[in-house]
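Multiple structures follow.
Heads up, the next two complexes both have chain A, just with different partners, chain B and then chain C.
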Partner chain A sequence: MKILEARDYVVNNLKYALNPKSIAVVGASRYPTKVGYKVVYELMKWGFKGTIYPVNPRADQILGLKCYHTLRDIKESVDLVFVAVPAHLVTQIVNDAIEIKAKVLVVATSAFKEIGREKLQNDIVNTCRKAKLPFIGPNLVGLGSPYHHFNCGFIPYLPVEGPIAMISQSGANLLAALGTSQADHFGMSFFVGLGNKADVDFAEFIEYAGQDPHTKCLAIYIEGLDSPEAFISSCKKVDKPIVVIKVGGSKIGVKAAFAHTASENPNGDEYYDKVIKDAGAIRAQTWQEFLDVSLALGYLPPLKDDKVVMITNGGGAGLLSCDHFERLGMPLHELKDISPMLAQRIRAYMPMFGSPLNPVDISGTATVIQYKGAFQQALRDPNVDGVLGAICPTAVTDVLGVAKAAIEVYESTKDLNKPFIMICQGGEECHEAIKLLREHNIPAYPTAEQAVNAMVALYKYGKSKK
Partner chain B sequence: MKILEARDYVVNNLKYALNPKSIAVVGASRYPTKVGYKVVYELMKWGFKGTIYPVNPRADQILGLKCYHTLRDIKESVDLVFVAVPAHLVTQIVNDAIEIKAKVLVVATSAFKEIGREKLQNDIVNTCRKAKLPFIGPNLVGLGSPYHHFNCGFIPYLPVEGPIAMISQSGANLLAALGTSQADHFGMSFFVGLGNKADVDFAEFIEYAGQDPHTKCLAIYIEGLDSPEAFISSCKKVDKPIVVIKVGGSKIGVKAAFAHTASENPNGDEYYDKVIKDAGAIRAQTWQEFLDVSLALGYLPPLKDDKVVMITNGGGAGLLSCDHFERLGMPLHELKDISPMLAQRIRAYMPMFGSPLNPVDISGTATVIQYKGAFQQALRDPNVDGVLGAICPTAVTDVLGVAKAAIEVYESTKDLNKPFIMICQGGEECHEAIKLLREHNIPAYPTAEQAVNAMVALYKYGKSKK
Partner chain C sequence: MEKQYKIGTEEQQAYFKDYNIAPKGCAFLEPGIVAKDSKEFVAFNIAKSFYQVYPEVFNLTYVSKKVGLDKDEIAKRIKRMYDEKLFMLVSNSYVGIMGFGLYYWLVKLKKDTTKEEREALTKRFQENDQICTGYMMEEGGDFDYFNGNHMRNLDNLVYGVLDKFRSNRCVEYVHILPIRRLVRESHVNMFDCKEDYRHYFWSDEQLKNVLKMQKKMDKYDFAIIDALNNCGSIANMFDYDVLAKLSGLNAEEMRTDIMKIVDDQKTIIPMIYFNYASLGLKLHFFAVSLFQNTPTYRVEQICDELAKEPAFENIFDCCDGHHNFILSAYEGITDLDKIREKILSYGEVIEVLEANSPRQFRRWTCRLDDKNGFYEECIFTDDVLLDRSKE
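Then we have the complex of A and B:
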């Protein structure tokens, strides 16, 4: 339901949603195949440090924990009430949560407004708003934070620690990002599924993320905005990059977004272009771009200007990159125009058939020492705003050696505050190199275009900050 | 150098390039860090069954093989001469190769036209053309085929067996595809780096691929076309899908393409749009799209029409997909419009809060049995032209179980000749599922948009065939 601006009591209580001392799981189950079992299991598995109160009228113990028949039977204070019971039972639970003075309510249960039960959903919102109990959901997958070892929901894995707050209406896409986090080292500060966002809205999580010390970039997946004014004003308050993917813009997507999260899209997709622009956020088109751009904005400072130097051992990666830079409206400049001195110096790190154009092609025979020298020269040159490196494994390329050299150079030049992005295109050893680089805060990608998308986002964000 | 059409003597001899009985490696080295060592090493490592003749004037044995001081010292017949010596030595080697009546010449050596030595390169081409010795290169990384255990060049890995012929001017990008092949099961019939394509041109490899029984799809990476007429006419002769990525279209890319493979691009990028269209090929924009689309066209029949049904356990994946379908000009139809019967039947495989719209959302609780039923109903419905399935791992999703069910259903409905594509978005278990599906000839992708790109390519190819 619409809000005009983020409400303070909600923003203030979201700390109990992402870092609670105690949590009641209503609908906890004894049966391992049930979602109500998984929630308790995952909380324990990932090392939640607070107290867990399973609630189930027909059980006395769940996973070794004392089980309570109702919320009211818990005599200690409860920060977070997590609800996974059928929709018709939720109203009673909400009343109980208010009675025991819970700090925040998370309702995972589906089958509300998205299947036509708008009144039921609105009644619960009104009850919660009157009691000033922030209500997250319904119809969501969960939430958590790797910094608090907190994994609360139907979620098989915690992400690795990192700078990105992932705020998603879709549970499945949130889960995909969490899976990616583990497999490809995509670091998150916290994550939340908003589902139908009946009460707590994007705006409130955006303001919370703005205050969260671990969050350096907000990544937001939207199916519909009930409160665009609040969204815009909260985004503007936050001095951190915000990346948005908005879906449901297609003809059938409008219907699918309603069926999924009861999201209403009375205005066309261009309307959202404007909202996102007014909010000062960056809009991504595809899921991959959404993740790639968020990663770079989370790890790196913005580009000061467009003088980017690319250093590659493969001309093909260079060509894919320079074409894509131009396609995105930020063409590369020739190295001799950026820095004649660098164009000369860089020759020392390549064979005679290399090319100092930009992309700088140090050739397929490039050694770790040549890479290191070229990276160092480029990053230290005062005329260079950022560096894009590419590793294309040939039979003589030491992929992990180059990755390590990149990390060394980056760490020794960190005070220069220049973006450094890597491409590692190829098989298993590239995947390892990408993870290693990301672990050391260098965004790295398996294809040229992904890296270019990321670099251009750093430029756009830098421009928007001016 | 320009050709007006593919030359028969070249096309006929390319079998010796990709399946030689004997190969001389000129520039073979005793020192493991040298590329001339790697070539012999990789040939042996990947199980080349023919005879290898290392050639090096200063060695008598390399990797346990008798070494010849010159090509002329080899008294047996040599199918393929592979050259990896400095550029100024190549002319002599070419004369020797002609003298010993080699069937095909592959010159890996760089530093020809791309650094200004056009005359040297042209002289060699003229010599080879006079002698009717097909000359592949110079300035290339190598070539090979997993079907013949043949890995010839500076190439750390053979791809897995499959339907795609990869013809690439760029060595580094070819290597990236080969790495991807191993890591993500991207199956290839053969691969070749063309480098400067001084003599043997795209057209000739295209015609060879047209005849090759293992090749079902051609994937071609182009930096410049010297012989567009030959390219068009050879593409038209081949009744197999052809996917092209053309780079070097940006302002700096024109220069970079010359510096890389001496490719000349006097005409703008729109010129190539026309050439590729005239050739009846599909143009990909990004490297990822190039691989994704090739995979689908290699494994699957074309779409007969645009009645695609999407079945997903995640509404978010459904929304990303239906938006992208519309973005690409092939919007999804509602299921009730495609098949009212199917819209009814599919209800049996989802909970009450699922959605039979299209995307069909069978919800996050979907079991293997529900997936299987939904896939089967959709594939068997006569009004459905193709099916897109999505697995979004929730805490209760049996990812590998669903993948196996998809394989079972696909194999039992193969006679219907309908495309079936899968999305598996998430972490490590999705990566495993993707590999498993690809091993069973189902194109599978980690993001929705990649799968939609692939499905739309099948539609475009189907339309172009009509």
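Then we have the complex of A and C:
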């Protein structure tokens, strides 16, 4: 339901959604095959430090914890009520949650507005708003934070710790991102599925993320925007990069978005282009771009200007990159135009057949020492705003050695506040190198285009800050 | 025109004009079938989820009139009976219409079966989620277990369930008993009864005796369960205003929806299950076999005659198996000699096996093992879309 601006009581209470001291799981199950069991199990497995109150009228004990037959039977204070029961039970549970003065309500349950039960959903929202109980959902997968060891929902794993707050209407895509986080070290501060976002809206989580000390970048997946004014206003209040992917713009996508999260899209895609632009956010077009750009904006400072130097041992990667830079409206400059002295100095790190143009091709025989010297020279040069490195493994390339050298250089030049992005295109050793680099806060990607997208996003964000 | 298969209607007859087989299709695509989470089921689902805490989901005004106690007292008794695990709100679905086969099977163990072997099998049956209903018999009877599955095909039963244990050293035989007619279960006449559909049976003798042999339930408690089960239209069973208040849904719509599937289409029977084991009662089972040359019409006549006996708690009519009827009545409160005499009075009867059951594992997917902490845990057991022969 529409809001005109983020509500203070909601923003203030969201800390209980992501770092609660106590949680009641309504619909907790005794049976390991059921989702209500998994919610409690995953909370325990990932080391939630607070108190868990399973609620199930048929059970006395779940996973060794005392089980309560109703919320009202819990006499201690409850920060978060997580609901995983059928829709027709939610009304009474909401009343109980209000009665026990819960701080925030998260409803995973489906079968509300998205199947035509708009009145039921709205009645529940109105009850919650009257009682000032923030209601997240319904129809969501869960939420959590690796910093608080908090995994709440139908979620198999927590992401690795990192700077990105992911706010997603889609549970499936959120889970995909969590999988990516585990597999490719995509670090997150917190994540939340909003589902139908019947009450708590994007705007409120945006403002919460703005205050969250672990969050450096917001990644937002949108299927429908009920409250564009609030969205724009909250984005403007937040001094952190915001990356948005807005789906449901195609003819059939409009219908699919409603069937999925009851999202309504009366306006064309251009409308959302404008809303996102007015909000000062960056719009990604594909899921991969969304992740790639968020990663860079989360880990790195903005690019102050467009003087980017690319250092590669493969000419092909260099060509893919410079073409893509130009396609995105940020063509590379020749090295001699950026820094004539650097063009001279960097020759020391390449064979005779290398190229000091830009991309700087230090050739397929490049050693760890050559890479390290070239990276250092480029990053230390005051005329260079950012560096893009590329590893294209040949029979003599020590991929992990180069990655470690890149980390060393980056650590020693951090104070210069310059973006440093890596491409590692190749097989398993490159995947290992990407993970290693990301573990040390260097965004690294398997393809040139992904890395260029990330660098250009840093440039756009830098420009927008000016 | 789409066939609705309504029991006892012209439409049902129209169907049988076209085909001489029972409906047996692709489950959820059979006409008239609605999913358990569909809006038609909402009233039952709300009551099922809340009655443990809110006895007022039942129509206490109606029960009060029928039983002669005030509503508060009835609510208290319902709550107490639930807390003491004496009863449970359940539902049975008409598997014949849903396209499932209902396959029961009877297990006989060898005489030299050890205690450990028996316990291991009991544990297996208790924990096997594919078994929807099951009974353990006391040692020393003519057979040892009577379990059932609702399944799409026999291969899934054989590969997925029976093959897992029937080659055990201690198993003498397993008799598969496909159910032709589900006549009575847990005292309630089911979809395939000839008359008194949805009626809840107890004999006067049983009621009189059960009140003498225990103190957990008095005549009013039994009367409350009787009133809820013998409520006639499902409109009388629940208080739809309470259901609406709890759920936020429309009372009248819920009432109309559930009447459609219970009263009109007759595809589901919401009922109160009486948990006999909690009173220390034992069910005495009779596995009745008729001569193979008994004509089908005669088999069914005998079944219908037996069904007039209110003392039977279960009446299963089987086909293509070693036994024709599985009947049960409580030991200790029923004159079992009289029942046996009645069964043996039919010249068609070739053999009657008997055994006592002190324990029911599950009833229609719902676990009853309180000792394991799983009382009323319902496990979805169907095998639609599965091919267990490849497992």
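As a convention for this text, the second predicted complex is superposed on the first by the 466 of 466 C-alpha atoms of A that agree within 3 Å, B and C clash if a C-alpha of one lies under 4 Å from a C-alpha of the other, contacts with A are read in each partner's own complex, and residues count from 1 in each chain.
In this section, a residue touches a chain if its C-beta (ideal position, glycine included) is under 8 Å from a C-beta of that chain, and two chains touch if they have at least 3 such contacts.
It should be emphasised that the depicted structure is a prediction, and the values quoted were computed from it without experimental measurement.
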item	value
Which superposed partner A:Pro228 touches (first chain B, second chain C, both, neither)	neither
First, second, both or neither for A:Tyr31, with chain B first and chain C second	second
Partner chain(s) touched by A:Pro57 [first = chain B, second = chain C, both, neither]	second
Which of chain B and chain C A:Cys430 touches, first, second, both or neither	first
First (chain B), second (chain C), both or neither touched by A:Leu120	second
Touching partner for A:Asn313 - first (chain B), second (chain C), both, neither	first
First, second, both or neither for A:Ala111, with chain B first and chain C second	both
A:Lys255 touches, of chain B and chain C: first, second, both or neither?	first
If touched residues of chain A are counted for chain B and for chain C, the larger one	B
Shared chain A surface residues [contacts with chain B and with chain C]	33, 111
Residue numbers on chain C that touch chain A, as the complex places them	37, 42, 45-46, 49-50, 52-53, 129, 245-249, 373-377, 379
Chain B residues within the chain A interface of the complex	33, 35, 38, 42, 110-111, 114-115, 141, 153-157, 168-176, 178-183, 221, 223, 247-253, 255-257, 259-261, 285-288, 312-320, 322-327, 331-334, 352-353, 355, 357-359, 361, 363-365, 392-396, 425-431, 447-450
Touching residues on chain A, where the partner in the complex is chain C	29-31, 33, 57-61, 69-70, 85-86, 88-92, 111, 120, 123-124
